[in-house]
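Below, chain A partners chain B and then partners chain C, in two separate complexes.
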Partner chain A sequence: MTTATSPDALLEVDGLSVRYEPKRNPSLTAVSDVSFSIRPGEFVGLIGESGSGKTTLGTALLRLLDRPARISEGSVRLDGTDITALSEDELRPLRWRDVSTVFQSSMNALNPVIRVEAQFRDVIEEHSGLRGDAVTERVRELFDMVMIDHRFIRAFPHELSGGMKQRVNLALALALEPKVVLLDEPTTGLDVVVQHSILENIRRLQREKGFAVLFISHDIGTVLDLSDRILVMYAGRIVEENDAASLLRDPMHPYTKGLLGSYSDPRAETVRITYVPGRLPDLTKDVTGCPFVARCPERISLCESVTPAFAPLAGGDVACHVARVQRGGEVDGLAAADVGEPTRRFAGPEFVKTAAESTEALTRPALLSVDSVGKTYERRRGLKVERTVAVDDVSFELRRGEVTALVGQSGSGKTTLARLITGVDKPSTGRIVFHGPDGEQEVAGFRGRALRGYRKHVQMVFQDPYSSLNPAKRIGQALERPLVNHHGLSGRALRDRVRELLETVALTPTERFVDRYPHELSGGQRQRVVIARALAAEPEIVIADEPISSLDVSIRAEILELLGSLVREHDMGILYITHDLLSARMLSDEVLVLNDGRVVERGPTLDVIRSPRDEYTRRLLDAVPNPFG
Partner chain B sequence: MRYFARKVAFFLATLWAVVTLNFLIPRLQPGDPAEIMVKRLAGKDSQLDPAQVQAMRAMLGTPDGSLWSQYTGYLGELAHGNFGLSYTYYPFPVTEVIGQAIWWTVVLVVVTQVLSFAVGTVLGAYAAWRRNTRFDSVVTLGSTFLGTLQPFWIALLLIYLLGYTLGWFPTSGGYEAATPGFNGPFIQEAVSHSFLPALALLVVTPIGWVLGMRNTMIMNLGEDYIRLARAKGLPDRRIALGYAARNALLPSVTGFALALGGVLGGAILVETAFDYPGLGRLMGEAVENKDYPLLQTLMLLTTAGVLLANLVADLMYGVLDPRARRAQS
Partner chain C sequence: MTTTPVTDPQGVGEPQLAPEETVEVRRPDPWYRVVWSSSKARVGLVIVAVYVLVAIFAPLIAPHDPTNSDFVPLAGPSAENWLGTTTNGQDIASQLIHGTRISLLVGLFGGLLATAIALVIGMVSGYAEGTLLDDALTFLTNVALVIPVLPLIITLVAYSDTRGVPLIVAVIAITSWAGAARAKRAQIITLRNRDFVTASKFAGDRTLRIVFAEIMPNMTSLVAAGFVGAATGAIGAEAGLAILGLGDSGSVSWGTMLYQANAQGAIAQGLWIWVFVPGLVLGILITAMTFVNFGVDLLSNPHLRED
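Right after this comes the complex of A and B.
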């Protein structure tokens, strides 16, 4: 497609393709024929699932691609100059002065052995006439802009918290008042409340200073909250482009609908989220037809053979045959009668949670009673003994077939509570009682064999599916271990049970998964394996510690849905540890908000979300992007 | 500051432990510690040579008086640098024998180590910066090839080629006729005598630094902070030196301090090959002649050297890498 050179564009990308050509692996086209432009002062969001090519595109715009990646076609014009044609020496003076960036996972973007100030100083002195105290003065100003205390100017990067590092990176990006700032998931991995305040900060500074932003994220809620205009990327292509309001009101591409479907208003009586099943197509192969066809619920036969062009439609741009015809556009070989009316919904798998369901779940028999539990840790520091109250007077009940969400900031005592429940640690005060098959038993009283027996009933699922699976073991082996240990299975029975487990977590056909290694699976699939492994022991209680926070938004719903169905079908109780209130609403019936080890709020999830009383709960709620509210 | 204080305290404590063990071990059995020590070193069945026992006793002391007074006596002797008499060079004290040899080794090995480190690090850094170019391949393959050769073998080759065949350099000894001291002829002789052993060391020792530096730096070049430095539009030189090389140097610097501590081990072969009058050759002689007081002292010295090198490495690391200071204090 050709874009007429628009005179007012600041950054103009035309027909850009990027290929990775590794020596040993097959080449792939990570960015295919991408065209868009950004006007001065515009806030543009770029959204797409993991692996869709967002970072590759961003890196190409900065001309920072390293081997084996290279720009294979197209141009990137900055203020009319094609930067793909400049030599490194010609480009250097433009860097940072015109385009700056905050990297994805930029925890590592500051040089660890150099003071923060020096890392501002080198770039400021390189590109401006400021020297000496004038630079320090400028750094002070920048620190004020991102609201960090001046004493950290002389700090080393490791002395900053994750949130502070990101603020410093942001301040650094603004050091030379650039025209465009590229933000690649600048807050992924941070506490939601911190994320929220950094994003607000970004938006405010952008309005004040008037720089343009390309904001990359996989979280459509955040992107909608912040951006003026949105680009939706799929398999290396831009598939839809529109202003934020139109995109939200009338999404045209089915993939956009799918992404929007992962959000819902947590205050509603019934929340439903949809998700896009399946995975990205193999980018090493040439695509015939629409790249989304395998996952698209609206596909028609034409989609298999003809690749839809990315072209203007209804005020935006879209690459979809069906959307085009539905909105009065023309597609060869397709008539308006062949397609139905446009819908807003993604007609894919759906996860529904109603308030009535929760009310019913809360009447079930108790599985675990936590009664005025407290835990104080003592740590020797030289001669002094430091006492930390990690958990203080916490009481609640976990029922069969019910999910209790444990919500709170990092450091609020969630993990300690989980340790007490699994029997790894003993409470300093209070009791935890397990209502198991052998009647009521106090957890702190378990020893030796009884403790091992109890641990079988209580299984954990952790945050990071990447580190909780042994990379050298096949999926089948990973599942066999607990089956052998807990149930003494072997031979045929063992193999059958492994298959059953894989089916329970919907990794089918199972024979395609048993012999694979973890690195050959996607993040969502790996987390399914971790869950299957937890289920192998046939637990009564599952403690899921942020099981979805490291996953792409588009697969989060999938895991929530899996956990939800396990509760319903296996009559177990889940303690769901999170700091994301939307997912708490999707999964849990009751919610407990912890702050500094104490329960500051407790109640049926919907009630707490509708009328939060505690200040911290309110902040958490604010942090849930809510494009619909 | 706490970090540095802790490291120094740890060094002193270990040094004290080593010295004390050296005192205690021969005393764990009843009898004369000097005799026991000689027996242990010489083997159970061999004849006790009274001269050896005598030499040993000068260092370990006699088993008279309380254990405590023996111990303070022993520490006192050590503090005064009295390590006993050498058996080979009887009746010269061990310290004097070592004192003469040590400078040869220090000058030879320290100079070559420093040169190797500098050359190796620069080559490695440059190869990493120009990775996958012809320069990089030549340096990497060349180093790997040389690394497979034995230093002793290289030494022999050098003696044969440059010494016997071409006759450019003397092949053994430390000097000829000049009087040792700070005078022109002596220095000239010393330099020409140390040339071949130095060359033998210089062929092999930089290899570790080349490969180590190259690999660490290539890893560092993939870090986000390097990419950010490029995005910032900093000149290449600044990125290469101030960001990539500086950070990659950290492990090498520690390694270098440790290598200096282990100098003696490396020097033995080369010094023996060139019959060079340093500590390495002395060690060989001590073993051959069953000169236990000398051997003992050399061992103590080596241990202290390694400990000291460890200390220096830790301190340098603390200065260069701010993260280390916090992580351990």
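Right after this comes the complex of A and C.
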């Protein structure tokens, strides 16, 4: 089962398996029998959801695996040398000079107590003959390559922004002109606009310098834009391999279709995005049949018993019975009549938003009016007072049964606005009025008991479902608190209501979830629990602060769908805070684009996206990966 | 607001494809198994268990009343007096066995009280970081840290009228909480900005509940390690006080045994068992408790567990 191994391959992975063998837990095969090759100067994307084994694979390629993980089978050839057989001392000169990497967490990859220049100097002097001024010259060149001002050469890492740090990491990776660069989600956690410019930078440098790239990501949109060839990974195996254009035109594996389904053209009248329900199979158990079978809408009975082989088909390689037969391949015990025509769509659950819905929603009565609100933070420094304007003259209305999106980069004032609306902070100018059951009330006037009462009406959904659920509490306990505090429920009524809430967010059967701890749930499931907790108070307004940005792209629609249905069925208003215009399009009826605390553009979402008037809105729109654009 | 389940407007039922799965992730090992997994902790726990049994059944195990001074003084080990007798004609073995009770009692309650003080002060000051309340509590903690503890204990005990075990426990606890309070303050500062704390505020919880019912369960391992450490310290401190003659004169403990031995010039008279044995059992107990803490460390730092 070797893939097209061209003789000129630079990096050749053959039958690679990685096993985790912890002492006290069952062992599992995180990467199983993976084969592929990368030619010099090729840009290869590796995609898959969290937990699919892509980072483990990347780490194995660098021989950086730590115990309890180890390469159990297969080889990794770099320029013909099998690096799995080399000793640490033999590896050292190869690393960085031939293969280098940019890790996911840019913030931690630089030593905080050493100046950036010295970190470059270390690397360059260790591996090359350059010394003294020649090194400084080289560092200048590298900074030019990644477009950072030379004055930051002498800076300490904490003086750089997140985007700059990642650029410095990229420059460090390229310092010795390696043949292969491994990029493991290099832009995750960065702003869309910054992300966009770094990716452009990477692609341009790769074309100029001709190094090969293996780009690991969960986001098929960014990978498709950049890559020549794509590897799709699922449950530790490569399930599809094809060049980027063919993969986009004719995805063969249903999982690939599922990943592609998370993108859509935001300018369309009706937007549909799909998501892949369920979660990865348990890799500690032996997988019989196709590992994707439980989540596959195209499965047939054969998939449950026979594991599909990964073999060439229609110009690419794929491991899927159905796709093979559909495209004229042969599979034992399967006739062409047993399967339908090939489709491009993932026939899974989908989320649809039409323009007509939004028009209707914008005529509803207001729930919350924000009236020329401004917030200035003051910081005393010696005799001087430093003023920072976080929000400046912002006005909008949030209506019943409507979603307003606040869109902007980090630092644009979105979160400050959320703090003002929830009563955590008070505005410096202007007023925020809540049109609640007790008439009009100004939010800034709430204190103590009144603030707790107000929070019955205004609830939050947080960005990171991993930190917003108490790891020491069961799901049921988390849901009980707001019910006890805001509605005084107890005993049987309390338990019944918890069950209802879990049903509302489709975590059924509910008895399987009540006694679980958060770590036993997937990211999407946790975020649904967070939403259920927000619903428990029966609020009028829900503030969703980037509720999907820490989730895999392939399951984001799952949360958007849930939020969308809540607006329709519970008649609440949602303030959706995001940096991503595509998700704003999916969920919101009205959008406000914030830049430096000011509203630069405001209007019905579809209008803003189709004909953006402001330069900044256009930049945000350009940054949205759109494989179909 | 109604609470009907989400009906899927597109008719593409969500759970239709794959039922919601949760069971793949293994529950982490229960705490007792984690602690037991360390061989040092196993040794420590077995030794501590032996001490506890001896303390509970002391009247049954000890051959004589520890205060009975009817034996021949200065006798060597024999079937009657396993470890010989003191200058006053008391049975050393019986004193040793009964002494276990005092040490363990002081360890248990001294540890509990010191941990409780550290928890309240550390948690409240950490949660209120940056406020006047925190400044005041931090100041108090710092004062408690820099005061020379031994002179303070001696002064406190020397001036009190009754020298019972409760007094010893109280004095030890109020002089030993400060370091642990610092550790807890630091820990809660890292936890209090997590989203789940904000979520609790939105769920309508009051501050004390948030601190002690929401945040504290996330620090149980730190609290447990703090308790074991405090208990170890308390056992040592009680023995130290007793050796200086500041112990509870009415009861028999290892420390009072050592005090008596010293006062009667046991070493000069060649009665090395009298000096050596109480010191040995004390040393073994403290070593065992330190070993237990190796296991408790595994709870708070999962990185130590692998391999």
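Simple rule for what comes next: the second predicted complex is superposed on the first by the 622 of 629 C-alpha atoms of A that agree within 3 Å, B and C clash if a C-alpha of one lies under 4 Å from a C-alpha of the other, contacts with A are read in each partner's own complex, and residues count from 1 in each chain.
Here is the rule we use: contacts are C-beta pairs under 8 Å (C-beta built on N, C-alpha and C of every residue); 3 or more make two chains touch, one makes a residue touch a chain.
Remember, predicted model here, so these are calculated numbers, not experimental data.
In the superposition on chain A, contact of A:Arg95 is made with chain B only, not with chain C.
With both structures placed on the common chain, the touch criterion links A:Leu521 to chain C but leaves chain B unconnected. Contacts of A:Asn111 after superposition on the shared chain: chain B is touched, whereas chain C is not.
More residues of chain A are in touch with C than with the other of chain B and chain C.
By the touch criterion defined above, A:Thr56 reaches neither chain B nor chain C. Once the two complexes are overlaid on the shared chain, A:Phe156 sits against chain B while remaining clear of chain C. The residues of chain A shared by its contacts with chain B and with chain C are 67. Touching chain B in their complex are the following residues of chain A: 62, 64, 67, 91-97, 100-101, 103, 105-106, 108-114, 122-123, 126-127, 156, 158-159. Against chain A, in their complex, chain B makes its touches with residues 132, 223-225, 227-235, 238, 242-243, 246-247, 250, 320-323, 326. Interface residues of chain C facing chain A in the complex, by the touch rule stated above, are 1-10, 12-29, 37, 194-196, 198-205, 214, 217-218, 220, 305-307. Contact residues of chain A toward chain C in the complex are 22-26, 67-68, 277-282, 294-297, 348-350, 352, 422, 452, 455-456, 459-460, 462-464, 467-473, 481-482, 485-486, 497, 500-501, 503-508, 512-513, 516-517, 519-521, 525, 530, 533-534, 536-538, 558, 561-562, 565-566, 568-572.
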